[in-house]
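We just call them A, B, C, D, E, F, G and H in the order they show up, numbering each chain from 1.
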Amino acid sequence: MSGDLTSYAELDLDRTRRRGYPEAVYCAGKTPEQVAGIATALRDRAEGVTLFTRAGAEHAEAVLATLPDAFHDPVAGLLAWPPEPPEPTGDRVVVVAAGTSDLPVAREATLTAQYLGRATDLIVDVGVAGLHRILGHVDLLRRARAVVVVAGMDGALPGVVAGLIPAPVVAVPTSVGYGAAFEGLAALLTMLNACAPGVAVVNIDNGYGAGHLAAQITAP
Amino acid sequence: MSGDLTSYAELDLDRTRRRGYPEAVYCAGKTPEQVAGIATALRDRAEGVTLFTRAGAEHAEAVLATLPDAFHDPVAGLLAWPPEPPEPTGDRVVVVAAGTSDLPVAREATLTAQYLGRATDLIVDVGVAGLHRILGHVDLLRRARAVVVVAGMDGALPGVVAGLIPAPVVAVPTSVGYGAAFEGLAALLTMLNACAPGVAVVNIDNGYGAGHLAAQITAP
Amino acid sequence: MSGDLTSYAELDLDRTRRRGYPEAVYCAGKTPEQVAGIATALRDRAEGVTLFTRAGAEHAEAVLATLPDAFHDPVAGLLAWPPEPPEPTGDRVVVVAAGTSDLPVAREATLTAQYLGRATDLIVDVGVAGLHRILGHVDLLRRARAVVVVAGMDGALPGVVAGLIPAPVVAVPTSVGYGAAFEGLAALLTMLNACAPGVAVVNIDNGYGAGHLAAQITAP
Amino acid sequence: MSGDLTSYAELDLDRTRRRGYPEAVYCAGKTPEQVAGIATALRDRAEGVTLFTRAGAEHAEAVLATLPDAFHDPVAGLLAWPPEPPEPTGDRVVVVAAGTSDLPVAREATLTAQYLGRATDLIVDVGVAGLHRILGHVDLLRRARAVVVVAGMDGALPGVVAGLIPAPVVAVPTSVGYGAAFEGLAALLTMLNACAPGVAVVNIDNGYGAGHLAAQITAP
Amino acid sequence: MSGDLTSYAELDLDRTRRRGYPEAVYCAGKTPEQVAGIATALRDRAEGVTLFTRAGAEHAEAVLATLPDAFHDPVAGLLAWPPEPPEPTGDRVVVVAAGTSDLPVAREATLTAQYLGRATDLIVDVGVAGLHRILGHVDLLRRARAVVVVAGMDGALPGVVAGLIPAPVVAVPTSVGYGAAFEGLAALLTMLNACAPGVAVVNIDNGYGAGHLAAQITAP
Amino acid sequence: MSGDLTSYAELDLDRTRRRGYPEAVYCAGKTPEQVAGIATALRDRAEGVTLFTRAGAEHAEAVLATLPDAFHDPVAGLLAWPPEPPEPTGDRVVVVAAGTSDLPVAREATLTAQYLGRATDLIVDVGVAGLHRILGHVDLLRRARAVVVVAGMDGALPGVVAGLIPAPVVAVPTSVGYGAAFEGLAALLTMLNACAPGVAVVNIDNGYGAGHLAAQITAP
Amino acid sequence: MSGDLTSYAELDLDRTRRRGYPEAVYCAGKTPEQVAGIATALRDRAEGVTLFTRAGAEHAEAVLATLPDAFHDPVAGLLAWPPEPPEPTGDRVVVVAAGTSDLPVAREATLTAQYLGRATDLIVDVGVAGLHRILGHVDLLRRARAVVVVAGMDGALPGVVAGLIPAPVVAVPTSVGYGAAFEGLAALLTMLNACAPGVAVVNIDNGYGAGHLAAQITAP
Amino acid sequence: MSGDLTSYAELDLDRTRRRGYPEAVYCAGKTPEQVAGIATALRDRAEGVTLFTRAGAEHAEAVLATLPDAFHDPVAGLLAWPPEPPEPTGDRVVVVAAGTSDLPVAREATLTAQYLGRATDLIVDVGVAGLHRILGHVDLLRRARAVVVVAGMDGALPGVVAGLIPAPVVAVPTSVGYGAAFEGLAALLTMLNACAPGVAVVNIDNGYGAGHLAAQITAP
């Protein structure tokens, strides 16, 4: 099912012109051969950075065979090429992970924002069960122009953060949890119903989308 | 559909002996005539207080025709007879309502606990969107042996309270909100997934059940 | 159930200091008396504008009895006091309604952004069934720093808009539609799964939240 | 659990007479032995082509042991015997895949339509995130009498295509995506609520059903 | 909320050119004033027939004030103007209603197909509980090039009909039923999972969409 | 929408021959005129008893205008004609209602069984919250050949009864309850998952179906 | 986690006395050691037959080590001891499987009915897509006193069968299917909403429960 | 992804002071390296006992490498350090498991309560299908001040127990069951709708939360 590139992909090479940000390659559901074919095509034609998201081990291998110096973060399932993120412009993006288990998604958001041109901070394990932890970071949070908050289980942290700061909060529900967490549904609903306005919700586990959105909000 | 009492009700008059708390009459779904018939039977036979819950205007009228001096709170949809709650014993129950709109359910919980023999406190409109409000009550909360927290929309408050105090939190999701609040489902899931342990969840809008549970936990 | 203000509300008067935007009063679920009581308290103490959202006819009457010169838009269910929005600062917010039936929510978003200090544009009835309509507005859309897109039924418009512009799209699913629209659930899911990154989703019918978020993104 | 054919299957050999299209064998949930037994029976009795759908590696092996020259597409999980599709009649069927990951389902649709007697075209990776891609194919689409559109994630493409052309669109939601895609549910709901009329929805990932429907619509 | 037409509607007057079928006006969610405004605009500019769907009594009144000779079917909630359907072309469309309660939706489908240019037949109350009823119509059904089957409750009829005939079946789930019918969800899922291929599903209660689709399939 | 009978109904007059039980008329969703038309037709042609189920006040009026001596139970929404149930044959059916609020459905079941030819017993308000109540009826229950158990809220009673007796239990979930009862869904799921085998579940609030099933099981 | 029997099981040895049918051992979720311990205990104390349901390979091994002559059907995941079913009494049970893939569940039902003392018939692959198949068996079906119908995907067959015969139909939805079959939910809802009365629904894939219910209905 | 502790965890070392109970480490979703790093940090700094919950084999290994004498129960997925639970204080906690398959969750609850300082009793396999079993334990249950009831499938046991005793019941739904048990959803809903008041529900399979809550309720 690899074959000619045009038999499986029609790259959106115009995206940088239209949007200012390049297309990213969603690897899940693609064969390693297809990802390799796309990597080859982008190597020759793309301008700016290319991200490969949700890349399993075999996808990563296929990308690295074509673009050997690509950056690879296996925890986040992310590859980037060229490997160096651009010099940061715009405002800083602060990324907050409610728990340790939310780190993979938080890193995906952080790296995405970096490769789209932002400087980032990362705060980890400051969920609402021990409120003093997030309160200890309020000064940093209040200075940000966009804060990404990643949380599973009850998903309560983004609303709490939003109530404390002027900037918009990009909320990422994660599938962390079990039982009535329903693979992130509980956290998703919590975030959509946050009492504090200013919460921008993205898909469950969508660190890429959150980083992208934060980069747009903080664009120069 | 009124007819003979036995054609529509078999009262659980043994409940006080078994459980220490009398049966309550769930009025929703009963005709006013049936509620009146039950009120008559309980007037003659019940020991201790009888609660009529989820009583609409017509139910209340029917009860009051039989038990004219019964206590009636139309906001909570609750009637009690005899009208005087017992002398409080056990520990105090603190009831917290996240928003103004959660008051009817919070009152149902408060009154139930009172009529089952507890002294109560009520704190209103201290949702997580303005965290300083609940933090201003921590001293009172930390002294309680049971706290009922009533919240709609994101339902985040019970988990936040539980993380601050030693006592169990009885969490009541309410149907306050709209859209993806899904009539209280969002708040319910949030509470079931609260990051802080010590959260006891009851049915959506079930102030009666919450007050009952809190009374049991704080029993002498 | 009106009584003393403190028996039903603890206003978050600190919010403007913390966040730069004042608390809004969510009227649904409050009695007209409570809304009137809050209006009175805010008249005497609030700085900046106060919004009353999701106000039915009786809520509006209660507010206007206290604040007779308040602005009132019955379509959006919104009141504002003082009635004059502040002088616009920051970047313009463009609001797009996919269909005529989405107008109430779109107006709520537009008015919220205005009262929080932004200039706004409103584009109506440009759903994807006739793509040339939205394409005819691309120039305006591409110049915005935040676009609010309101859509019911399939909720496809926000993703299409996001794919055409550099700015973030605040997507508001509406309950417009029937059957498998499931009161806005279909549109909500569509928006959360938009193929184009840069879509910030808020609750179903939450024009207030969308306007607030857009105002934050475009803040000076 | 193989045993005598009649102990596990009662083939619908009459289907071609009734409907004009032969029965297909749904392999998922059948043992390889059962599939082999059915293949043997059909080899001896069937008229016209037989399709084996949703065939895993072991099912394919079992079919090929009986019908060694059968056509086999492992990506689509489809086998056909006799291996040559009939000479095309009726109108052409155009199949569109929104993303690369939708290709397996799109191929199942394409091959089914071919084996039921239609000529087909296949267009890949033209999702709404880069609208110029599908717009570049409008001429071809407008000439078709049936277009199959396969899409996961937001499932927005079929409605967009339907709005551009006179022919009916057979919409196939796929399970491509994650989180709130809910295994294809999001795309399914989007398609059922498409703003443009003329969208015929089939089950999630049901390429076979889509190809069959398109073949019926374009029958001579 | 009426005001200038452009403040609430941007009519898709190009649709007949693009698709061969004119835009229809979805009345639910529009004010009578808006519907009247659209009616006026279409009277002056539209070519071909205009349908007003899901029109309540007040919508109908508003249309008839502007287009007094418009056709109006209150059961189907449908108006058409000019009132005479075009001379039928293409193939006949057969519409089948499983039960009497499905008639309003079946009529909406029938009338839509007629106003889009098809001759129609209507068969009523032939659900699967008494199978001989639908079997008594097989000859008529087998001659059709498109059959619309409308069914609520278990939604089993479309799959049964599809198994008997060569033509595609457009299946319309209805909200007829109660309890676990879940407002048409049960019928919808049944139809999406029909064992017989050739079932094209549209939204719950969407008679308009079904009639439109059938008209496209049977176009000359 | 009344018109000729054949324009809206095709009565299943053959059902008694096929099944031994006559067709019942489901009134919800039919106009009173249609119900009247059907009543007239059945008066002239039906053999055995005819039941009209889910009949509102207007439906009842329409039936009684045609069949003035028909039996009418407004609580159960049921009419029967001729008014006298047949002489009972077969085994007795015991119907159990968990709470008073379940009585309308329990009566629908009881009356249906009676009109299909069974003798019945009715036990009311014996839910699991006071277990001694149902245990006090075990002797009667153990002698039955079919027991119908009607319950809302947690729906626990049918499983408890099934565990005590040899006969099959027909379980009817009701929409009694609120919040997470989700209109009977909770009770339905409980019954489908009853730990004790021997529980036959019917639709939520489907007293008619339960009575019919019990009559079949106890047929002579 | 094996240890003493009383540390993990309290066998319901009284069940045969109470109900006439012995307890069955649900193996899923038990360790092989626990199943072995229960098998040992039952070998020494049980009267009548013991069924082990939902037994995987390791469970089966553990049972056979203790009860080497036990009957074992790996397709149905069922073991029985003593291996000989009792001499049949009561009426015959007819079991119908809609498709080949439904066979495992159909066999579980058949074997359960046999071991509880009934003679059985099994009809396979007669789904509604080819209606002549089930119609060819109507004579046999009409003579039964209980028919079990097992079906996945659309789950339409039980309602069709119920409409043809006097006996009750025990309907078993299966998880056969994909996409919007939602692991059997679609079939379950179809069966609960069957237009024909007389359908007794059990849990998805619950062949054991269906066989048990059918045995009770047909008891002598 | 291990690195410095602060890069992935910010331990809530203050929790014992605030709440009286120490933080527990949720292992699912953490890498073994992270768990090991946390174990090291807690060894050096924590006061009181530390629990590691939902620990798989690799997590356990990592903990035991750091804290070789830690207590480990692989069935419950729980580790505790120091290995000796504190001397019991407060009231006894009774834990009840409805079936053998609920044992892992019941043990998690039991061990949690023990390590938080309570004496415990464990009763197993007393589900409502054989009611005499739980009734045989009523004396013990009635003396408790908190009873944890763990149940899957229909989840009916907690409501039955609550109706028999004065103490609150902590109800834990489990994912035991299949089909319409929907991974514990059925049991969860049953418990939330229990007819008997006094049922405190926690998340599906949340033995830890149940043990914690029971320990709080029975605190000295």
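We adopt the following convention: contacts are C-beta pairs under 8 Å (C-beta built on N, C-alpha and C of every residue); 3 or more make two chains touch, one makes a residue touch a chain.
Chain by chain, the UniProt names read as follows: A, B, C, D, E, F, G, H = Nickel pincer cofactor biosynthesis protein LarB.
This one's a predicted model, so the numbers in the text were calculated from it and none came from an experiment.
Q: Touching subunit E and subunit H alike: which chains?
A: Both subunit E and subunit H are touched by F, G, going by the contact rule given at the top.
Q: With centres defined as the mean C-alpha position, give me the subunit C-subunit G separation in Å.
A: Centre separation, subunit C to subunit G: 55 Å.
Q: Can you check how far apart subunit G and subunit H are, centre to centre, with Cα atoms defining each centre and the answer in Å?
A: 34
Q: CA centre of subunit E versus CA centre of subunit G: separation in Å?
A: 43
Q: What are the residues of subunit B that contact at least two other chains?
A: 99, 129-130, 163-164, 179-181, 185, 188, 192-193, 203-204
Q: If two chains touch, include that pair; go through all of them.
A: The set of touching chain pairs is A-B, A-C, A-D, A-H, B-C, B-F, B-H, C-D, C-E, D-E, D-G, E-F, E-G, F-G, F-H, G-H.
Q: Given the complex with subunit F, which residues does subunit G contribute to the contact?
A: Touch residues, subunit G against subunit F: 18-21, 24, 163-168, 170, 188, 192-193, 197-204, 208-209, 212-213, 216-217, 219.
Q: Report the residues of subunit H in contact with subunit F in the complex, numbered from low to high.
A: Within the complex, subunit H touches subunit F at residues 98-99, 127-131, 153-156, 159-160, 162-164, 177, 179-182, 185-187, 189-196.
Q: Can you list the subunit B residues touching subunit C in their complex?
A: 75, 99-101, 103-104, 124-126, 129-130, 132-133, 152, 176, 178-181
Q: In the complex formed with subunit C, which residues of subunit E make contact?
A: By the definition above, subunit E touches subunit C via 1, 6-12, 14-15, 23, 26, 28-30, 34, 38, 54, 173, 175, 183-185, 188, 203-206.
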